[in-house]
Amino acid sequence: MRHSEIIEIKAASRSSVTLFFEDDTDILPGQFLMIWAPGVGEIPISLSHTGKRKGITIKPYGKTSSFLCSLKKGDRIYFRGPYGRPFSVESGRRLIIGGGTGLASLYSLIDSESTVISSARTADELLFRNNFKCKRNIEVTDDGSAGIKGFPVDALRSINPDSHAVAYICGPEMMMYSVYNYLKDFNLELQFSLERMMKCGIGICDSCSIGGFQLCRDGPTFFKDEIPLLVEFGITRTTESGRRYSMK
Amino acid sequence: MPDISVTVAGIKFRNPLLLASGILDENGYTIKRILDEGAGGAVTKSIGTDERSGYFPPVVVPLDDGLLNAVGLPNPGIKEFGSEMKIALEAGKPVIGSVFASNSEDFLNLCSAMESYGAYAVELNLSCPHVKGFGSEVGSDPDLVEEIIHSLKSKIRIPVFAKLSPNVTDINQIAEAASECDAFVLINTVRGMSIDITARKPVLSNRVGGLSGRAVKPVGIRAVWDVFENFDKPIFGVGGIENAQDVVEYFMAGASAVQIGTAIHSQGRGVFRKIESELADFMEAEGFNSMVEMRGLAH
Amino acid sequence: MPDISVTVAGIKFRNPLLLASGILDENGYTIKRILDEGAGGAVTKSIGTDERSGYFPPVVVPLDDGLLNAVGLPNPGIKEFGSEMKIALEAGKPVIGSVFASNSEDFLNLCSAMESYGAYAVELNLSCPHVKGFGSEVGSDPDLVEEIIHSLKSKIRIPVFAKLSPNVTDINQIAEAASECDAFVLINTVRGMSIDITARKPVLSNRVGGLSGRAVKPVGIRAVWDVFENFDKPIFGVGGIENAQDVVEYFMAGASAVQIGTAIHSQGRGVFRKIESELADFMEAEGFNSMVEMRGLAH
Amino acid sequence: MRHSEIIEIKAASRSSVTLFFEDDTDILPGQFLMIWAPGVGEIPISLSHTGKRKGITIKPYGKTSSFLCSLKKGDRIYFRGPYGRPFSVESGRRLIIGGGTGLASLYSLIDSESTVISSARTADELLFRNNFKCKRNIEVTDDGSAGIKGFPVDALRSINPDSHAVAYICGPEMMMYSVYNYLKDFNLELQFSLERMMKCGIGICDSCSIGGFQLCRDGPTFFKDEIPLLVEFGITRTTESGRRYSMK
């Protein structure tokens, strides 16, 4: 395990925080670290801030993420990685679609020409709100407390996807599934960063597998033309025990 | 072209390289893909009677020369596993059902279910080093091992393989107890531990785990050698296989086929195809026509 | 400056880094040089009652992550070894006499001789994995181990250390049998084998050997952890130590001092000085003042 | 273990042979290989011919060396290495002193300006006889069957050591001991290649140690000013068992 000291902490939404630390490793957008909280657990976390000064943005959810959110400046974080296939950074106008903490792994891809669709359950869960510069930012909330009431696909209807070269999408699988089905017949390139339970992060435990591919190693980035190969995408997934269940 | 197929306990494998139990073989789609991408056969994750979530992460520590793991036998329970077997068997290659239990009755139920799911054989995990009440705790008790295998042999028609642990004083004593089986599988992981000195804690949530990969190859070679010297039975060699040289080393020690796990970590799923072609090259260069010619050759 | 000295069983070592038995410690001048060049103490090659030539070369197989060896306990016999002890002790640092035998009478004679030569302690090799009738064949029999140590403790005044093998089903059972000793030494090598596939022969002339070095560190850490959990006694950690991080890992698992062997192969005799200075740096950075503060800290 | 095919065999004396093989490794004069005869034994052997085409020159002595001398063209030799500290190749005139097979490790150092003292028990045991070009070759035999009757020191009396920049010496230890005592007060640099029993070749078994130094690793080359540190040199050595005995 490597370790670093937390040099700064910033709120990223009402409950989510960004932890900043320094580390010399090159980590590309879309890659992740396995973050270890000794005695608590280990979870995969994408980098929201790449570069020498690195940042991870975490929402308190279960025990490990909640523990990480409670850390203070000066505390240590432990991690291994980076792991996974990064996004392929394309030239041209970008459409960024982030659901929940999914926006974290997309954050470093946002530029002044981008269209950003950010969604969350409620307004105060929107990540990095007013904290990035882009051409257009469409907010979407489940409850309508900010922006469009509904889901990212609802926001998509108000823009022209083909005025973008590429879309980068990250969020809950059912959200990505609906976005894929909506966008797949347009011309722009699609890059999805999928999310499934990961126990090992290095392609051996099978907990993150989808249609025979390991998300932690073959992904988490998958391209438009690869999605049909992921026969389980949006359909079934497995629990900690490996029990298969339907997502519908 | 040398013939790299092998027949073990009546089962024909197009190549001698099987996927080892516990690595990428819990999800039927994954097993199918690995078989499609070149493995000669696959052993499933070890399945028990009831659903288990396994241990909380960290469940694995990557080391320079291998892995330390304590996954904790997560599995959906034998009932749920039928659907995964069905998907895996679509590859049209041998799938072997690995099972674990603490008594012969449970072993029998698990094996019957695997048989009914179409498993080509069952592999008894008598050797997992990190779960209380199962694995090597069962596999280090010769009387229990003998009873389990004896009771299975009269009731199960598919071959029964016994996977033994290197973490015992005398592996031949356990092999003797298991000698009614149709083949031995040697070895499971070696008990080990890793502590993070800045966190001042063991890394694995279970603390103790099993060592696999390059580090344990000499341990596996020696186990296969010893059991080959004493028993006239097929042996699956497992432990630290990363290339064709390693496969040949296991064969010359006495293996009839091999299983590969940790090398998938260092080389990806492509490792099966890679070794397959290296193996044919080696045999051609050294004048071997078939795998069986190499078996036990160093004795 | 943090204090890196340790006191184990009443013996003070200027640093916790001892030379392990069997590596560069047959010739008194070599032991003396290694002590002069930085080791905190040294354990001699294991000495028996009679002269033995050991096995014919090859006696060692260098691996990427360690060594496989079957040297075969060469030694000049205890009578002749007095002169080597004399030379070694000129370094003015603790020298521990390692001995091997198959019964308690021989062990007693060997230990008495070592005591008379000025050894600071004796270390019983109950764990060499590759010589018939000695080492782990003795060390896996709890009754014999208990008898040997019991008979020594009433007659030998210097401390008695028991070096145990990892090649047993339950190391705590053997540690229990040895629990009259003054300290445990964990671990000896792990049984293994290596075959050369173009020569089609095992490389070691004895075929089976013992694995040491980086590959076995997790096995050693786990043995120290387990014995520390169950016994209130000093422990020398041995196996795969190459740097200060490894030393600290053994201490946090429960070691009171460590021994180093195979790292001399990769780094030369300078490894003791190197680790000594790394250790002080680590302690300073992490706020430790003495070695004992780190002992068992990961439990 | 590596292995190579024997591509040529040449007699080097009545009973000694040179085996040639190809190997890409760089091996310097004075270094050695551990040569393995499967099922027989393993012994250290210096390179008599360095370069891509390599040669080892062996005298049948015990079981391993005799086995190696019986190999045929096309057979394989197995080896590991190179090991050991090589000679330091100095400019200026060289004095080469080889006793028995000791000349093998010096052979690649002989140039047209060298003085070579070659010694053996009898004339037909002299290595590489008439097979090298040098300024002057003094032969010495125990029985006087060729050249000077006696030992290399006897030949030394007939030359001026200080007309040489450096002496390279290899042979039985007592021969080197007497050469050292004779030459130590002259001005030329001395480099000895010592020979003791070697079981491991890699500095761990202690079988080759001399005064606390490992011949296989600190040596086999030792320089004039290092010889006094080797307190056992010419005095005591140890057997296979490690039993010390006096060489006098």
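Note that the chains are named A, B, C and D in the order they appear, and that numbering of residues resets to 1 at the start of each chain.
Heads up, the rule we're going with is that contacts are C-beta pairs under 8 Å (C-beta built on N, C-alpha and C of every residue); 3 or more make two chains touch, one makes a residue touch a chain.
Since the model is a prediction, treat every value here as computed from it, not as a measurement.
Participant: Moving only to chains each one touches, count the minimum steps from subunit A until you reach subunit D.
Facilitator: Each step joins two touching chains, and the minimum needed here is 3.
Participant: Using C-alpha centres only, name the chain that sits farthest from subunit B.
Facilitator: Checked the centroid distances; the maximum from subunit B is D.
Participant: Using CA atom averages as chain centres, what separation in Å is found between subunit B and subunit C?
Facilitator: From the centre of subunit B to the centre of subunit C is 33 Å.
Participant: Between subunit B and subunit D, what is the gap in Å from one C-alpha centre to the other?
Facilitator: Centre-to-centre distance between subunit B and subunit D: 51 Å.
Participant: Find the geometric centre of each of subunit A and subunit B from their Cα atoms only, then give the gap between the two centres in Å, rounded to an integer.
Facilitator: Roughly 36 Å, centre to centre.
Participant: Identify all positions of subunit C at which a residue touches two or more other chains, and write them in rising order.
Facilitator: Residues 198, 200-201.
Participant: Multi-chain contacts only, two chains or more: what residues does subunit A have there?
Facilitator: none
Participant: Could you classify the connectivity of these chains, where an edge means two chains touch, as line, ring, star, complete or other?
Facilitator: line
Participant: If we use the touch criterion from the header, which chain pairs count as touching?
Facilitator: A-B, B-C, C-D
Participant: Which positions of subunit B touch subunit A when the two form their complex?
Facilitator: 23-27, 29-30, 32-34, 36, 45, 51-54, 56-60, 62, 67, 69, 71, 74-77, 80, 83-84, 196, 198-201, 203, 205, 261-262, 264-265, 268
Participant: Taking the complex as given, what residues does subunit A use to touch subunit B?
Facilitator: Interface residues on subunit A, with respect to subunit B: 1, 3, 34, 36, 38-39, 41-43, 76, 78, 80, 198-200, 202-207, 209-214, 217, 231-232, 238-244.
Participant: Under the stated contact criterion, what part of subunit C meets subunit B in this complex?
Facilitator: Touching subunit B: residues 63-66, 68, 140, 167-170, 190-195, 197-198, 200-202, 207-209, 211, 214-216, 218-219, 221-222, 225, 245, 248-249, 252-253, 282, 286, 297-298 of subunit C.
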